[in-house]
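After this come two complexes, each holding subunit A, first together with subunit B and then together with subunit C.
Right, the complex of A and B next:
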């Protein structure tokens, strides 16, 4: 890392810290001795409660256990959505018949947000885990499919031609040209899908769950515990941030040819 | 009269032909692009194809290699229907068709790899051509990090590496600087003489065509036909300032004037 880069990094971190401090300061001032303070806790109790609930259960589970519940649901829904999205997207992008058949149905389903499936899912699957997986799946797979489809469809024809001329067969063209050319698109889809999956799990848990971070905030609402709501929201924000960062890191590793500069 | 002359030229037969193009016709919708083109290419010949801008030179090459499906006609390579999976071909496009996710070395290796050549042979060929195009120091670079002329050198090296029996080039040097163009023209001639490969080279640069070729096919405007065949047996190495060279260049230039 050059000196300039170190300096840039340090200043980014300093500014980030400054902005967080500013937020806390405004929060503290806004709730000190005002009517807002009666329905909104101060920052310090929220952080105390946050740290405390890492070991002391809220409801039946600690904060960490709630987070694990939510993450596991996201994992199942997101991964199944990603698998279906990638396979179907590539099939649609490369095989005109499949495109012609699937696209009209998909275009109809796509604008329906994942959460709109909640009532139907509950009637179909009850209030168990399957319902939550289904909602997350419906919330996430469309983004993966759309991006994969765009990537697979728009592979540079000349590249395919060049490979064909060098003697590549259909399988080799698929493995060595179509797939790698689609990877950046797939990643863009996965990134969006992961964040919509994370939103969908919260919605699902707010409606039908006794555990998970979505349950934490509705539980807080039902008992009038604003601190618990804020603890839940803080956890949601942090986990979302971590997921997005991990995803970006994975993309950087796998698509280094796209990003690596001089 | 001109019409009669042109149709008399439609079949140009060569002894010991490696490639026979027979009544090649290509339409895009109602637009007739290639109008019944027939000619042969001799084994080991260096054929240049010139023609006015937009006369369908690229369509011609794409149909020849079956990247486009021709509407009519037969293309035989060594007596069989041409097939890139069976015959050793290389096609160097006008645009840089590098694979972005492969570095320079991996790009050059691509054709050797899909053909399943043994590792040692792959290495040997890659080393040879990577030095030839002067990209030895850039072998681990990705296309994104290279300039336009370097990208084209990668593509040229990738084509050369498979030591094709038929090398098709579509204005490959059009976007390179002059010095590099001269160097790569000579490299191409060396390679051609060394390997005895057959080359079809499309260009709009008449000087280039006269410098490189054994024979020049002059195409007409759309719908494209072969207007004239010019035998070019100037002694090699050629001097672009010699009288014979200039005469032939002027003669070809006269033929492709459309104004």
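Right, the complex of A and C next:
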């Protein structure tokens, strides 16, 4: 690294620390001795509570257990949504008849946001786990399907032609050309879908659950416990960050030949 | 051309079969009771009656739609007005970037729905709590896309501007912003989708009007026809909003889409 780069890096870190300190200071000042302060805690108690909740239960479970509950739901809903989305997306992208049959029905369902399924899902499945999986599935699968579809359709025709000329059969073309060409698109879809799934699990847990990070913040709202809400939000943000980072890492490993910007 | 017509026909047949199947398992064979899945005819009937009657949730359908639109548009527009200049400023002035970005990266991973409880506690159940929640959600894509849009400007174009004696302000308005516009519009579209979805979530959780509230009330009294109708209306309104934005983009944004 040159001297200039080192200086740049140092100033970035200094500015970052400065701005976070400013934020905390504003928070501290805003709640000291004001009416807002009567219901809004100071920053330090929130962090204390956060660390404490890692071992001491809120409701029936500790913070870590709540997080595991939520993550497991996201996992089930997201994976099933991804599997259905990828299979259906590739089928629609490659087989015109399936495209013609599924697309109009999909277009009818697609604009309905995942959260809007909550009342219907509760009527159908009660307030158990199935409801949550269903809502997350509905929130996630459309993005995967749309992106996979675009990827499977946009495969370079010359590549397919070249493979055919060299004597590849349909299965080989599919495995060696269509699939790898769609992977970057699929990943773009998975990334969006994972963040909508994370949002959908929150919504589902906020409406009907006794555990999970979504319950944590609604529980805090219902009992007027602002510290608990902020602890929950901190956990939600951290987990969201970790999920996004993991996804970006997986993308880097699996489609190193085509990294999207940002 | 003929294959195209064939696939159009298949699509039409598919929708028809879908609706017919739905009608047969509900109204004709009565395999599912109407509180589980109402027939398409019932949903249509419900839509027509709900246009004028206000039971069971206190408002007619147009009133619900208007109140939802009012909240989501107010917050979406505020987010655009605040977010786009902020994103541009972050990309253009490195000190703003270094100061604002860390806070932004801190708040970004929290989904907008996660803000609902705290906003309700601070601002109460009403117009402002919903506006604040949706504003936070819609602000993020507005800022990020304006930021990346400006950062993506080809340096060669900037040098050309400089060579011809353009000032920094001129470069911003005549080179950087026009280049970034398609990316900014993509951000606006994402923001619009988020606004609409977050609004529904906020209305489901705590509200006394709006489409989300309507389907939530319908659930508690087991009126599945209102739920299905409400979901379709939510979908259609969302679709109309994004179509308007697409139209504006095609009309006013020059150059290649990203």
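One rule holds for everything that comes next: the second predicted complex is superposed on the first by the 239 of 262 C-alpha atoms of A that agree within 3 Å, B and C clash if a C-alpha of one lies under 4 Å from a C-alpha of the other, contacts with A are read in each partner's own complex, and residues count from 1 in each chain.
One rule holds for everything that comes next: a contact is a pair of C-beta atoms (placed from the backbone, for glycine too) under 8 Å apart; a residue touches a chain by one contact, two chains touch by 3 or more.
Because the structure is predicted, anything quoted here is derived from the model rather than measured.
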item	value
Contacts of A:156 with subunit B and subunit C, given as first, second, both or neither	first
Touched partner set for A:168, first subunit B, second subunit C, both or neither	first
Touching partner for A:180 - first (subunit B), second (subunit C), both, neither	first
Which superposed partner A:104 touches (first subunit B, second subunit C, both, neither)	second
Partner chain in contact with A:236 - subunit B first, subunit C second, else both or neither	second
Subunit A residues touched - subunit C or subunit B, whichever exceeds	C
First, second, both or neither for A:18, with subunit B first and subunit C second	second
First (subunit B), second (subunit C), both or neither touched by A:248	neither
Residues of subunit A at both interfaces, subunit B in one complex, subunit C in the other	261-262
In the complex, subunit B residues that touch subunit A	62, 65, 67, 84-85, 88-91, 93, 95, 97, 99-103, 110-111, 114-115, 142-145, 155, 158-159, 162, 168
Of all residues in subunit A, those that touch subunit C in their complex	11-12, 15-16, 18-20, 23, 36, 39-40, 96-97, 99-105, 108-120, 122-124, 195, 198-199, 202-203, 206-207, 217-218, 220-221, 224, 226, 229-230, 232-233, 236-241, 244, 261-262
In the complex, subunit A residues that touch subunit B	156, 158-159, 161-169, 172, 176-177, 180-181, 183, 255, 257-258, 260-262
Complex contact set, residues of subunit C against subunit A	3, 7-8, 10-12, 14-15, 18, 35-36, 95, 98-103, 106-107, 109-118, 120-122, 144, 148, 152, 193, 196-197, 200-201, 204-205, 212, 215-216, 218-219, 222, 224, 227-228, 230-232, 234-236, 238-239, 242
